[in-house]
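Following are the structures in question.
Next come two complexes built around subunit A: one with subunit B, the other with subunit C.
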Partner chain A sequence: MKWEVRCRETWLHETNPSLKLIVLVVLFFAVLFIHNPNVLINVSLALFVLFCFGTGYPANVLFWLFLPFFLVFVSTASSMMMFGEGTTTWVRWGLIHITAESFWRGVHIGFRALALGLLGLIFSLTTRPVHLFYSLMQQLKLKPKYAYSFLAAVRLLPIMLEEFQTIRYALKVRGVPNKGGLSKVKRYAIPLLSQSIRRAQRIAVAMEAKRFSGSGRRTFYYEIGFGKYDVLFVALFAALMFVAYYAGVHYPYISISDVR
Partner chain B sequence: MKNIIAIDRLRLKFPGRDGLLFRDLSLSIAEGEKVLLLGPSGCGKSTLLQVMAGIIPHSVDVPMKAERLERPERWGYVFQDPDAQFCMPYADEEIAFALENRSVPRQEMPARIRALLDQVGLEIIPHTDIHTLSGGMKQRLALASVLALEPDVLFLDEPTALLDEEGTKAVWQTVKQVDRGKTVVIVEHKIDHVLDFVDRIVLLGRDGRIIADGEAKAVFSDYKDVIAAEGIWYPGVWDDYDRTARRRNRHQGEELLRLSCFRGFRGREAKIYVPEATVHAGEWIAVTGKNGAGKSTLLHALMQLIHTDGEYVLLGADIKQQHPLYRHIAFVFQNPEWQFVTHSVREELAYSLRLEGRPEAEIEETIARLLREFDLVEQQDQHPYQLSIGQKRRLSVAASIVAGQRLFLLDEPTFGQDAKNTFALLEMLEAHREQGAAIMMVTHDEQIVRRFATRRWVIEDGTLVRDEQLDIREPALAEGGAGR
Partner chain C sequence: METTTKGLKLADILTTIVIAIVFGVIYKLWGPLYSAVGVLGFHLDQLIYGMWFIASSLAYLLIRKPGVALLAEIAASSGELVMGSQWGLEVLIYGVVQGLFAEIVFAVFRYRRFDTFVVSLGAVGATVGSLIMDFYKGYIEALAPWNMALFLLARFIGAVLISGVFAVSLAKAIEKTGVTQMWRPASKDDYDALNR
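Coming up: the complex of A and B.
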């Protein structure tokens, strides 16, 4: 089964995964505390540009990855618009009550969801799990025990996906009615889990048989350090935030500066 | 010669099981010896191997005691399941994992990785996704990453049990090349390729005691009866089988299935194409071809698990009118566990019949017959997952064909089975074929094709390229070894 999408390596792939993780987590919280919709729209647009041109994936892949986040944007924004509180009524139709306040609050929350989603996408699209965990071990002193367990688990995912497909076929062949509900979950979960648990146990034994001790001294096949791209990365995001903030305050799209 | 492994009076018990698995077992292995451990499944061969390596009790906690236990300092262990011994996604990273554990400096790693891949004959670029390798290649990669530990002793725990013939050959060839004076201890069920390599055989009995221990050729010839009775694949096992097999009745019945310009799709791509083909009652069709040629896809297409087009007539009617298909076609997957939908052997057999609303009395009767026919009477109340590998396979076949289907599709049903179970399964299928069913089976095993198939379909690059009638090879003619 085709699982991995080939992509062009960009400079974002070259940045230190731990640094990238920290910067993006900081931004994640920063976005939660932006209350000026103008600033937030700027931030989202900038992240969107980076997502489109910085991750190195073909346009169709980007489109399908972006689509669910766009739907989240629409649904959060619209539900806030229609059911939020406010005093300046625009439309009232049964339960639906759109006011100026709720409209802008909806837009704001939609963009917030979008920005958070984009941060996550940018990180996961430009970071190989192997590099992330090697970096976490080297820069943030994560115990090898945890790092390699995660990596082993990542390896199990595509295998499980294939098994899921096969079980689907197998049940169809036996004439199992394709009805929903708990019994269906059980039919898939039990064989999938029993295989995975056994496989995980075997992998653990195999890892120890290769003298993996979980702690103690070890060398690293990938030495992950810092380089010029890390400077560029931090500088870019600092600039991005500054420009977004400055433009949002001085050249606003709308006159509201705080949606609270 | 100096002993590198010595076990004195080993006692070991699995929690939750009655009695000791080993009672005062003693065994020693000298440096440089090539030893094969043989015995029936469940006799504790793999457990013994793990005790020798120290996996028990260091990684797997099993209560054990021994008066003396000498274990090698440097050892490597290759496991059975190619999908359950890697923790990294790429080949080079997997070998590097072993090197890292030994604190090999990073600068030396790329060269060593390349050398190790060469040593096991893997001609791949080091940074290759393990998921894309075949089973045989995965096992050779496992060997490479174990060799990265620079072991004195190699433990091989049925490394080819889940491989096809080609992969099996490649793995043993590699083991023979890399050994260079190392001590090698092997547990294996398919011993055709191992017998000329080992110089000593230790034969374990059902009760975990050593029955025989000595020079390989001598043990093999002296205890051939025991070895045969335990279902071990030994050289000449098929010739011995031919001597006991009965005469087969071959006749071709009416047409069951007709294909014309038939295509099967995965996604939007046509992955299998059959220009023209028919299947008649009483035929046994062996579907052969290279790994990834599209053999399984063909079966999936016939079972309508994937989207198809072209002409497909089953039992005289268009396939679309033959709904639900499982009443006419039985399908058996490679891994029997995937197909189990209930919690006991009885229920499993009853499932399809209940689904059709057959009367309870008839169901009882059918179940009783199948339990006898497939030798599952004693296990009838067990959970399917608790059965042995051979029993699981028999149950999955029995449960699939219970509704009296005319066409059986089987995807490598003898895969990973021992000789005894393989023969039993083939005999059962043969009996159904003689009663007018048609069997279509994906297999890599030429011995099966030669003995059972009446026709062969060869799949190449997703197309049925050859459809040939096979000569009837009567087992009776094989008498006196003239068969080959």
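Coming up: the complex of A and C.
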């Protein structure tokens, strides 16, 4: 989705988008059910390596993309560390009560947020939205009226941004004070939304006239299938999870094997 | 023209998705704000969590058809994902669950009531959906009891205020612009106007 950033096409770009989505969703649930921090740290590190060397983006772009994830890591972890329940007290300072259990649970949750974030980032950095929706139609039989509606809606975004600017200038010219919380949200949201709805209605009429709403057989401009990289993709993630699990159980960093 | 009259028409789908994509942008921008408020501590961030349910409320209020609440929440969260959300893939799965729970509430009322009460209940439903996901992800049950109570209270209040009360006022304002007339059947007032 990063149109403005140039990137090298890697093998991850070549994998089938539907397959990639399914594998990553499965991994998402797998990560939710990992309660051993050693395993989770291994998984996060492996995903981080893949994020750095597999997505084909320059290092400075990767840094800025990663920064918010780091903040989520810190904020998720600290809340559990300071307010979680536990028995082995380390620090007690007013309402803040850090225990060994809550500390490691906090670390675990932080790494989990990191792993989940990286999964999504790897997906969105290496998948072109157009290919994703064409693949969803061809492999997962998503109805064309849904897929093309999505694609049309994404195309409307730049127009909306332009309208947002126009409204801003119009309000400025009329001397409307640029403050107020929810009333300000409304001032922008109502014209933006109503214009978008009008435009959506017009586009829908045009699309219906071109039979985009039909349920008959369609041919596709982009034919998306499977290739050798898909095998590699599945094999890599299976190996990654296995190694992370094996190493986490047999060569732990810390002696806790379940944070619950 | 279409043989299948059941389900959503292309116009409904497209309008829902367009509305949802607008909120997808807001959802994306809400992430950094949420993190910034989170630094203040005491779960103040949970008060603004409710913004992430507003797409389903608003789509339901404007389009008034079965399935749009779920579709809107999925579309908004996938828009957020594609724009590179700081939570990654998580937002899509949260979106599906939240949309599903809001949709269930609206289905219980058989898609007939469009007032603040029902929409607020829908927001509460979405909150329950988000809490189920949090339960697995963040071990929230392991927070100290007073802290968890504060967490839950803040999230429910925020959801009702933003995705309930505020969504209704936003929908009313949009109704006044007349754009929703396009897919509402002519009302009795319209016929009376013709007979005059």
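Note that the second predicted complex is superposed on the first by the 252 of 260 C-alpha atoms of A that agree within 3 Å, B and C clash if a C-alpha of one lies under 4 Å from a C-alpha of the other, contacts with A are read in each partner's own complex, and residues count from 1 in each chain.
Rule of thumb we're sticking to: a residue touches a chain if its C-beta (ideal position, glycine included) is under 8 Å from a C-beta of that chain, and two chains touch if they have at least 3 such contacts.
Just so it is clear, the structure is predicted and the values come from calculations on it, not from any experiment.
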Fit-or-clash call for subunit B and subunit C when the two complexes are aligned on subunit A: fit
Partner chain(s) touched by A:169 [first = subunit B, second = subunit C, both, neither]: first
Partner chain in contact with A:28 - subunit B first, subunit C second, else both or neither: second
Which of subunit B and subunit C A:223 touches, first, second, both or neither: first
Touching partner for A:71 - first (subunit B), second (subunit C), both, neither: second
First, second, both or neither for A:213, with subunit B first and subunit C second: both
Which superposed partner A:204 touches (first subunit B, second subunit C, both, neither): both
Touching partner for A:152 - first (subunit B), second (subunit C), both, neither: both
Subunit B versus subunit C as contact partner of A:187, first or second or both or neither: first
Partner chain(s) touched by A:116 [first = subunit B, second = subunit C, both, neither]: second
Touch count on subunit A, higher of subunit B and subunit C: C
Minimum distance between Cα atoms of subunit B and subunit C in the superposition (Å): 5
Intersection of the subunit A residues that touch subunit B with those that touch subunit C: 129, 152, 154, 194, 198-199, 203-205, 207-208, 212-213
Of all residues in subunit A, those that touch subunit C in their complex: 1-2, 24-25, 28, 32-33, 65, 68-69, 71-72, 75-76, 79-80, 83-85, 97, 102, 105, 109, 112-113, 116-121, 123-125, 129, 145-146, 149-150, 152-154, 156-157, 160, 182, 186, 189-190, 192-194, 196-201, 203-205, 207-208, 212-215, 259-260
Interfacial residue positions of subunit C with respect to subunit A in the complex: 1-4, 9-11, 13-15, 17-22, 25, 31-32, 35, 38-39, 41, 62, 75, 78-79, 81-93, 136-139, 142-144, 147, 166, 169-170, 173-174, 177, 179-180, 182-183
Contacting residues of subunit A [partner subunit B, same complex]: 3-4, 129-130, 148, 151-152, 154-155, 158-159, 163, 166-167, 169-176, 187, 191, 194-195, 198-199, 202-213, 217-221, 223
Touching residues (chain side subunit B, partner subunit A) in the complex: 53, 55, 58-60, 76-77, 79, 81, 83-90, 92-93, 96-106, 109, 129-131, 145-146, 149, 300, 303, 305, 324, 326-327, 331, 333, 335, 337-341, 351-352, 355, 385, 399-400
